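First the structure, which I've put down as structure tokens, then a few questions once you've had a look.
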Amino acid sequence: MSLVQDLVVAARTLAEHGVIDAYGHASARSDRDARRYLMPRNVAPELVTEEDILEYDLDSNPIDAKGRAVYHERFIHGEIYKARPDVMAVVHNHSHAVVPYSCTGIALLPIFHMAAFVGLGVPGWDIRDAQKGSDMLVRTPYLGEHLAKVLGKHPAVLMRGHGSTVVAENLPRAVGRAVYLDVNARMQTEAIALAGSDRPIVYMDDAEVQANVSWQNYERSWSLWKTRVLARLAQEQGN
Amino acid sequence: MSLVQDLVVAARTLAEHGVIDAYGHASARSDRDARRYLMPRNVAPELVTEEDILEYDLDSNPIDAKGRAVYHERFIHGEIYKARPDVMAVVHNHSHAVVPYSCTGIALLPIFHMAAFVGLGVPGWDIRDAQKGSDMLVRTPYLGEHLAKVLGKHPAVLMRGHGSTVVAENLPRAVGRAVYLDVNARMQTEAIALAGSDRPIVYMDDAEVQANVSWQNYERSWSLWKTRVLARLAQEQGN
Amino acid sequence: MSLVQDLVVAARTLAEHGVIDAYGHASARSDRDARRYLMPRNVAPELVTEEDILEYDLDSNPIDAKGRAVYHERFIHGEIYKARPDVMAVVHNHSHAVVPYSCTGIALLPIFHMAAFVGLGVPGWDIRDAQKGSDMLVRTPYLGEHLAKVLGKHPAVLMRGHGSTVVAENLPRAVGRAVYLDVNARMQTEAIALAGSDRPIVYMDDAEVQANVSWQNYERSWSLWKTRVLARLAQEQGN
Amino acid sequence: MSLVQDLVVAARTLAEHGVIDAYGHASARSDRDARRYLMPRNVAPELVTEEDILEYDLDSNPIDAKGRAVYHERFIHGEIYKARPDVMAVVHNHSHAVVPYSCTGIALLPIFHMAAFVGLGVPGWDIRDAQKGSDMLVRTPYLGEHLAKVLGKHPAVLMRGHGSTVVAENLPRAVGRAVYLDVNARMQTEAIALAGSDRPIVYMDDAEVQANVSWQNYERSWSLWKTRVLARLAQEQGN
């Protein structure tokens, strides 16, 4: 199973879960050269095939795009791979339940064990702190670098009015984190409404977070997602 | 790729996203005669084919309906094309998250960058100001004209207890705006609940809105939507 | 197009919209004998075919069930047809957004023009007023009669902790009302949350309700729903 | 119809309803030996086939796994079967609407008649009371036993930040309860928001709960679910 195929599984799985729609992208650091990463050309994730996966250097120049367009926001990926040698996969997304947190300054907290990583801290980034009057997109190395600094050592960063970027030590973990970040946000929003101003909400504590994060690679999910996507690809090719 | 085919893509895409159900309609100004517009006959959007697209003059008379019924609310389209020479496409819809804004006087604000156009202002229209005791439908040129006046130079107008009408300089932009208007409304509703009365919500500022609106044509979305609809049409014809 | 076929379309459409799941049922007064009504045997609505449609008298005895089981709650239908000679179709359902209104005494009001009929009044019925310690089901003629009395001349009645029953002068209207009652409830719930305690919500007024209710038969919806169901039935028979 | 086939129907039905995703599991006590239970090997529920169903003793040792991996949290099942001779089926799940109740201490109450069993009491279990710094999973007999004690004689137990476990006297009842526990939670959350601090919410009373729980086996649902799953299995085998 190649990393290229895994990136097809990642893109289509994120689209199927509504974590990304036509926008958003998943990348992985190359397993042959740590100064390169792999990501699709500019195409909607649910249409991605292996032929769409391009290689980029860490300045986010495509190595051999063969004239194909690339994502404007590829600098999110390149600059994070530069700043974080431990990161092997990056998912940028617009999942809906997360955006309200990016605009209100309310901290996302680990309410659901499948999203224990939230307990490692999810800082908020406002593009306005880096550039006033932007169109909200991370279109330059400078903006990517600024975002990567706010991400720091954390597993995810909120982007005000835009979405989030999630990172991990491998691709299944990054995809699983993106899926469950959205679930955690929805549960937290409901719990806040239920609890009102009177009742405390019990979140995972630091020890619980550490114990869970240490191994959680969403393996059973990843196996399911791969099965689904490969079946769909086979069906598309059969048509 | 013809405008007629694009209108089929638009109708079915809006239905697939739940922005319209059996009701609602998308139109485009004719690319051959600025005093004409194209829109389906009276049929549910998810069933539209190229044969259903009719031509109307700006008084919303069908040019050659061949006995087929037309939408009662076609005057929404005709009167806006009259009043706004810059408008090339119109989408009228009932998307669910938007209606509560139409009834409460709470302003929709640009919380999500994909709906930056909301920052250009989305006024609210109450049909009761034009006609008391109506059945809520824009059934006459007068009502269409009244709506167009409240729309003014804005990209969208809310219709109390009914839905909204969204306009743009091209059809993909109008469809994308209708899709993301609903997403913006849902995010704003959640942010208001989360923030309560204490916390401020950070919306896009005017410079950010302008920088984004200047180019946002939802091109990658449109490409995806067209791919999906053409595949479905091929499948229907194969059956 | 026979009434029997229309009842298949009704059952499957309501299931597809999530207005009913395995439970809930749609019936129609016979077009040949006003003292009879037609309704499926005891089967999940999304599986209904023409062979499942039975005839009942107004005491809810099946005329010729051929040993097949019937719905326990058929008395909802029979007793309403007795009490309301104008009613030609009845839909009993558990649609989710409506139940919270049945338990809180908050009045459903006509916020959305597709559900204008809500403005004719939707009373609430508590089975506890008729029978203490019931299992919540309308299992007897007495309970059906009690419900019909609270329904009175209205188009729908809420059933506490259970769901609602919607009536109309024809089957498409009853199905459309059941679908849009749920939509209206969701919009009203969101509007109440948005408006908080400060802002008024503008509902349809009586004149608007009357002007809309007078003609609204959900014709375009019905045509779409029939197209969908007949296509699915053809596919099932082809398998 | 064998219990093995019923477990396939259960797993896939729960996945289809979103009550479980790649995680969660349904088991049944063996109908041949009350000291054994049946449950799938470690696989995503929507992929389960009859070949995946393994037998376990009540210490949750698989009898003949043939090298296949088993669920880490199987002790939930084994320890409950030990403590509760009346229990014939167990469903562990992460359904989303329930989790906020597990973290806030707000009692789930029987608002919807399809979930009358909630009125028998749904206690909350916090794994932290049994083990500090856990990874939130029920990985040991001790944790399973601790959970079973808090479950007591009730039909379900909430698991803080994790989900719930639902039990019953037969498998269709356990699956139905898991499905409608989530629906009840969603309705209760909406009712609480609607009612605010002023209005009372009318829940089912004890007599109503008892009258409903005495017979509710979700038979019509189960019949529908079985029909759906068997059709899907036939389709998969035909491919």
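Order of writing sets the chain letters: A, B, C and D. Residues in each chain are counted from 1.
Note that a residue touches a chain if its C-beta (ideal position, glycine included) is under 8 Å from a C-beta of that chain, and two chains touch if they have at least 3 such contacts.
Everything numeric in this text was worked out from a predicted model, so none of it was measured.
J.: By mean C-alpha position, what chain is farthest away from chain D?
T.: B
J.: Cα superposition of chain B onto chain C: how big is the rotation, rounded to the nearest 5°?
T.: When the C-alpha atoms are superposed, chain B turns by 90 degrees onto chain C.
J.: Same or different: do the copies chain A and chain B touch each other through matching residue numbers, with over half of them shared?
T.: Mostly different residues form this interface, as fewer than half of the numbers used are common to both chains.
J.: How big is the gap, in whole Å, between where the Cα atoms of chain A centre and where those of chain D centre?
T.: Centre separation, chain A to chain D: 31 Å.
J.: Listing for chain A: what residues touch at least two other chains?
T.: Those would be 193.
J.: Treating touching as the only link between chains, describe the layout with one word: line, ring, star, complete or other.
T.: Drawn as a graph, the chains make one closed cycle, so a ring.
J.: Could you run through all the chain pairs that touch each other?
T.: Touch list across chains, by label: A-B, A-D, B-C, C-D.
J.: Inside the complex, what are the residues of chain B that reach chain C?
T.: Spelled out, the residues of chain B in touch with chain C are 21-23, 42-44, 46-47, 94, 96-97, 99-101, 103-106, 126, 128, 132-137, 160-162, 189, 192-193.
J.: Of all residues in chain A, which touch chain D in the complex?
T.: 110-114, 116, 183, 186-187, 190-191, 193-195, 199-205, 207-208, 210-212, 214-216, 218, 220-221, 223-225, 227
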